[in-house]
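Below, each structure is written out as structure tokens.
The following pair of complexes shares a single chain, chain A, combined with chain B in the former and chain C in the latter.
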Partner chain A sequence: MISRSNIFIALAVWVTLLQGCTRKDDPQFANYINEPVKSQVRGLDPTISASDLYTGLVMGQIYEGLMQYAYLERPVKVEPLLSDGMPEISKGNLVYKFKIRKGIFFHDDPSFKATNGKGRELEAADFIYSWKRLADPAYHSDGFWIFDGKVKGITKWREDAIKIGKADYSKPIEGLSAPDKYTLVITLAKPFPQLLYVLTMTGAWALPHEAIENYGGEFQNHPVGTGPYKFRSWVRNSKIILDRNPNYHDDHYPTKGEPEDMNRGLLTDAGKKLPLNDGVIFWELVEDQPRWLNFRKGETDWVEIPKDSFDSAVKKDELIDEIKKQGVELQKWTEPDLTFDALNMEDPILGKNKYLRQAMMMARDSAAVIQKFYNGRAIIAQGPIPPEIAGYNPNFKNPLKVFNLVKAKELLKKAGYPDGKGLPEFVYDTYGGTTSRQLGEFFQHEMAQLGIKIKIHDNTWPEFMDKQKKRKSQMFGMAWSADYPDAENFLQLFYGPNGSPGPNASNYNNPEFNKLYEQTAVMQDGPARNAIYQKMVDIVAEDCPYIFDAHRKTYTLNNGWFKNFKRNLINLGYIKYYRIDQQAKKELKPKL
Partner chain B sequence: MFSYIVRRVLYVIPILFGVTLITFVLFNLVGGNPVYQRLGKHGSEAEVKILSHELGLDLPLHQQYVFYLKQCLTFNFGRSWSTNQRIFEMLQNGIGASLSLAIPGFAAGIILSILISLALSFFRNTFVDRAMVVFCLAGISISMLVYIICFQYFLSYKLGIFPISGYETSIDGRWQYLILPMIIWVIVSLGSDVLLYRTIVLDEVFQDYVRTARAKGLTEKVVLLKHVLKNAMIPIITNIALEIPFLYTGSLLLEAFFGIPGLGGMTVQALNNSDFPVIKAMTYIGSIVYVFSNLISDIAYAVVDPRIKLE
Partner chain C sequence: MTTNQPGTGLWADAFLRIKKDRLALVCLLIIILYALVGFLAWAGLIASDYSAISNDSYAAPSSAHWFGTDIFGRDVLLRTIHGTRIALSIGLVTSLIAIPIGVTLGALAGYFGGIVDEFIIWFYTTMDSIPDLLKIIALSFVLGRGLLSVYISIGFTTWVGLCRLIRGEFLKHKSRDYVQAANAMGASHYRRMFIHILPNVFHIILINFSLRFIMGIKTEVILSYLGMGVEPGQPSWGIMIDDAKLELARGVWWQLVAATVAMFFLVLAFNVFTDALREALDPKLKNK
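Right, the complex of A and B next:
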């Protein structure tokens, strides 16, 4: 027989063992930022993973470009990073001359054999090499579009490489030259007002040829850049650790911001040398619950509030007292994005009947969508351009973006389909996942009120992409996030030559719009360009190739010890600004 | 027995051929186009053509299939189309994580299920037996997701007994993250296994040889562990053998919620990304594991029951 005392001892041992299971704070990581990532991170090669946002967030700490976004200023603006000051721009905006900062070194790595593993100094030629690699067809980079047709000769260089089956890196590109070690000259094929924006992007970062030659296909697992952090380790699908780069160049916390930044404590570290922490651990937390619970336990420093946890944290748009008392702060951010339902303009019925599309737009209750699917965290999109993007007009009210079933029915009658009679059943494509299907079902329900029958077809993501890219889908819901803060990035979604498989998912092709798009493509930011942007918005608002839905807001929570948090999704090199208040962490973490 | 094993190994060839054919046909029917995934939102028609050519997707289907068969024969599936990692390395990294969770969970589940089944046969038709049957039925009816969400919330977050999620590559650093998912694995498997093994054991306890054993004066412990268990092992082995291949892919849900970088999550990501080389490798190696675990179970029958001759 097992005695009671034996059972008691066994239980005590078991409980003691279990206590040993909890994760203990490792002192070596005390001053590291714990950053959650909500998607799988792909390879850390900026050429190959150029368009992957979550991979970009990691790479943005290792690599750098000529320009970056000012951390605190809004509307966002570009400023020099590896460039020594702003470039010299020729009359006509065709030639950009950059001076490269002296004394910028790549991370120490065994690839630098000539210097015994010490990081080599950055040169202008490194940019030319990196951009040739971006254009090299062997890499099939999803980031080449940033220079394609814009930098003189780069498209030809790529086409020649395709023709002969191999890129010749010794062959020059007409529009890229390095007259000396620290000067880079970019000559454009035509004015490209967004050039400085794209120079902040993943595909434009400086890569050392030594590391690429040394690691070959494994470069993605051995990233070497000039950034504030050096790669330490990566457990795939789990965590990535980056350490502070001890040789990081002279870079300081900004001294300018928005007026309220001072009160929010965002200028406390003004002028201090960056980075303000010892490193970063990226936790790949794909599921909402572990991502949320890890934050609530203080294992990560901040979190976007997941949809299902929203009501337990926020009441009446305010953080609940219980969480507030733990020192947690709620912040609200408007994202530069657009959610919409695309209507395929090549569909013989949808594409040819403007009144039908307008009726659908008026039957769409975006306010209800925002409540049901985004917990009220979005604003209704009047047009394609989100707030805080150059070219956004806050006074624009889309006359069709008003939920009005009576008017929608009148429009449907005008379209020749009174109460939907005579219309075939349309297919609305959704892609795996509950929210996408629920959004489709809500659209189906709204259109049924007009008498328009919609069938939902649930696809896997690859099937969905396949249909959309091959122009086979009649209608579907999607979202677009800004690559850079210019309305052009959203208006390109309506430019005819950008039809699928390009970004124009509705295959809209209006010669008048196309002409205006081409006209603005070479214009610098200013009132004249904004006036034409507004004309373009008016055209697509009238034509309704998309049913505009929302510009989403993100509600984030951050722990009280986490300082200098100011979100900007297009600014990838942001972790260097974050600081951990060690004293506050000691006091607040036990409360969680 | 040797000729039996050789024959069974030869049977593997048409089975694997069938698996490769079905995988290939299914991928081409519903797998989507990986080129669109790779090129992202700005891909042009010209780039689609170039990449399709490079991946061999513009070749006639029979040539693509022959290429796939060659990869199967050499076990060289190349690199992932999505992450560009070497597939061999992906498998090498993932299998350790999957098995570190699956093997202890699976082994503990089997031992516990068998012991509980034997105990229930001892308490047959009593309150304990009936309560356990109800408990097992309830266990089967609840989705694993519910266990994960509740256990992670209460045991990890509220009580702080286990870490919420995480993983370490070192063996000693890893175990702390694996205990809770293992407990869930065991609980989820207990319901169905206990019900099955209880039925198997009860079939045996009314046999004449058991009555004889009891008549000889053997204790109930000896009767159950020495006589009943040995005779009940054949259907139990069959059940275990059927479950073994699934260990290799781990548990997708457990891996996703507890941040364990195993093969289950890797396979689902490959399906979502139309990453055919990874899908090919996983299905091919999975089918080999399946076929060989069946063979091992057949051999185990002969070892456990001398009446069975493998010819």
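Right, the complex of A and C next:
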């Protein structure tokens, strides 16, 4: 029975519990970065969790690859990390010769029995071993595509392993060789201009075979790499602590950046040895509200502003004074991503009728979507290529990407369905989640204005993916985020042979487009390639396999003590650049 | 001798008792009101433009919008009214599915006993060993989303309780004198079960109907909240509460309040009325 005294007791218990949740500042973590993670982190094995962004953010501090992205320069570009200088590239762009930096050591770990637990020096052979592991069918890695069909002989090596049932690591791969301890030669089956980009990615990092042999399946809980941080502990669904690697190799804060970086204080630490902090604590905060409140208490150093807390923090595109006074800074970032509604080109009605698709495109009010769902934090997508990406053309205006119901109705008439008469009811798939459903409801409303009837089908995420892979969805909303800063990553979404289960979700197949894509796939970045890219964008803009929606912007807040913050989602090894201003933290934290 | 005295049979007596209970009458009135609103909404006579979108997103309650507007500027009051239609239809249709199943199986088991009884007990025990919500969710995965599949999944999974009760009553009644007498007069099994015994256990069905009506409404709200209920675009209370989950952070409370208040009064009225009904009909509670 609930009585008033019971309620008071419950309240008292609740308040005590809440207080118990507030952390006392532990002096040993004074110089640690407190980093929020938006999603649960999976096992810390780069081969297995290769395509999981959030796990990658943690692993990116422990492991390293041959290349990394320059921290400050934009548009982003690759620079050597474990490679000693840029590779020598043969004529014809087929052979890449890397020199591995000398004096790079793995973290100290009991697995290195020959050296009594001291970390062993990195060799070229470590990369070959790690990439064989990526190709090993036993690991079911979703990161293998980065080398699949590109590095000579690697696909054959994998197929042989599938045939025999076991991968033979002693068997060489034709395209990978180590003539000496510090030289790695990659031979490609065909030119692959994005090779240097994919070498920064999770699947291409160097792993020590000793630790994998020692820990077996437990390797994902005992990560051992060459990176600036060593693994200390992991409380599942709560936090992961990494400590500074005392033996970290010579790595320095960049001295070059964008022109305004100097004024923003991003070059204060230019040339200093990295890392600039003692470690990092990743807080797994999946729900929006706890993540937001933790930041507001100063428990994490920065946060993306969640959609529903936006109005309470930002007015007229500026941070409200009350928060500004606490030393908090607002920063705005354009993300290399694209949101869209895909139309299945294999559908007998949608796929056969260009005017119908064009009518739907013109009935889509992306400005309203941006207002309602992204708090105005996005720009309307004219085509597939987002800003910040090589090949993006800021002057391109898609003639169909204008919200105009009158013209849309004309197009629908031209399509043979005046006012939607004669069209069956279409099914629009969404995946479980309130926002996804609301997006669907808005799409349904917009199409209803044309007379097109839409039924929303709410799926679970696996159901949703499965339907897409089997080409059963008629239309659905999705987003694509860049894997690397090259427009090719977005144009491949329309390449015929990439149809589902590949990334071409609308199963668009246009011989003219395919030909151009194949032509550019082996071309290096430059005006010639950009001109063809624009032709390809024009083709898909006219054909409308996607209803383009938006390129999102992210607004972040960071505390005044948090320095050197420059967001770039494709750069995974970023914590080493962050610095805590101890003096500022002492002054500002009590104000929160 | 003939008299003009009103009869004091079970039903007449119950009617008199309920008439005396003010609270129960008020609750009955509330239920009738909800039913009326639901019917009018179904007929399209009120709240027909519940899905009209305006530019007035998240407007606070005012004289133009008594319960404010939602993310797309749709009137929350109109959506709540339409939610009533959906809630009531779910209560009604699922009862119409579950009660015949429960009564028939319970009657067969209790009346015939033996192997029939054993089979039916085995069947409903198996059904009952799976938690209801899991069964409903599993069924809605198979049937797909939508109002129809909610009807079916709730209707076909929630008859076990009633089946047990009816079986027990039939066990008791089948050896009573009046059934024996009917047997002696050559009444068929069917006649004994449904003409003689059933009217004597009908009050249980009525009480159960009222109880599971509430259960049906609540289940739909939970399912829709989890994204497995009625089709998106339909303004069910569960979908409204699901929307409100995100809006609360920006101080938009009216959608949550409208849906919960609407549900609260309906469920409360049903609960109080069911209690009164039971007191009026159950011989054990009658003379308290």
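Here is the rule we go by: the second predicted complex is superposed on the first by the 570 of 592 C-alpha atoms of A that agree within 3 Å, B and C clash if a C-alpha of one lies under 4 Å from a C-alpha of the other, contacts with A are read in each partner's own complex, and residues count from 1 in each chain.
Keep in mind that, in the parts below, contacts are C-beta pairs under 8 Å (C-beta built on N, C-alpha and C of every residue); 3 or more make two chains touch, one makes a residue touch a chain.
These numbers were taken from a predicted model, which means no experiment stands behind them.
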item: Superposed partners chain B and chain C on chain A - clash or fit; value: fit
item: Partner chain in contact with A:Phe426 - chain B first, chain C second, else both or neither; value: neither
item: Touching partner for A:Ile456 - first (chain B), second (chain C), both, neither; value: second
item: Partner chain in contact with A:Ile48 - chain B first, chain C second, else both or neither; value: first
item: Winner by number of chain A residues touched, once chain B and chain C are compared; value: B
item: Which of chain B and chain C A:Gln444 touches, first, second, both or neither; value: second
item: Which of chain B and chain C A:Asp466 touches, first, second, both or neither; value: first
item: Partner chain(s) touched by A:Gly217 [first = chain B, second = chain C, both, neither]; value: first
item: Vertex chain A angle, Cα centres of chain C and chain B, expressed to the nearest 10 degrees; value: 30
item: Touched partner set for A:Asn237, first chain B, second chain C, both or neither; value: first
item: A:Gln289 touches, of chain B and chain C: first, second, both or neither?; value: both
item: Partner chain(s) touched by A:Gln40 [first = chain B, second = chain C, both, neither]; value: first
item: Minimum Cα separation, chain C to chain B, after superposition on A (Å); value: 5
item: Residues of chain A at both interfaces, chain B in one complex, chain C in the other; value: 289, 432
item: Of all residues in chain A, those that touch chain C in their complex; value: 288-289, 306-312, 372, 430, 432-435, 437-438, 440-442, 444-445, 455-458
item: Residues on chain A engaged by chain B in the complex (per definition of touch); value: 18-23, 40, 42-43, 45, 48, 50-52, 137, 140, 142, 145, 162, 217, 220-221, 235-239, 283-287, 289-290, 293-294, 296-297, 299, 432, 460-466, 469, 501-503
item: Residue ranges of chain B touching chain A (in the complex, touch as defined); value: 30-34, 36-45, 47-48, 50-51, 54, 79, 82-86, 90, 93, 149, 152-153, 156-157, 160-169, 176, 179-180, 256-261, 265-266, 269, 271-274
item: Residues on chain C engaged by chain A in the complex (per definition of touch); value: 51, 53, 57, 71-72, 144-145, 227-228, 231-233, 239, 242-243, 245-251
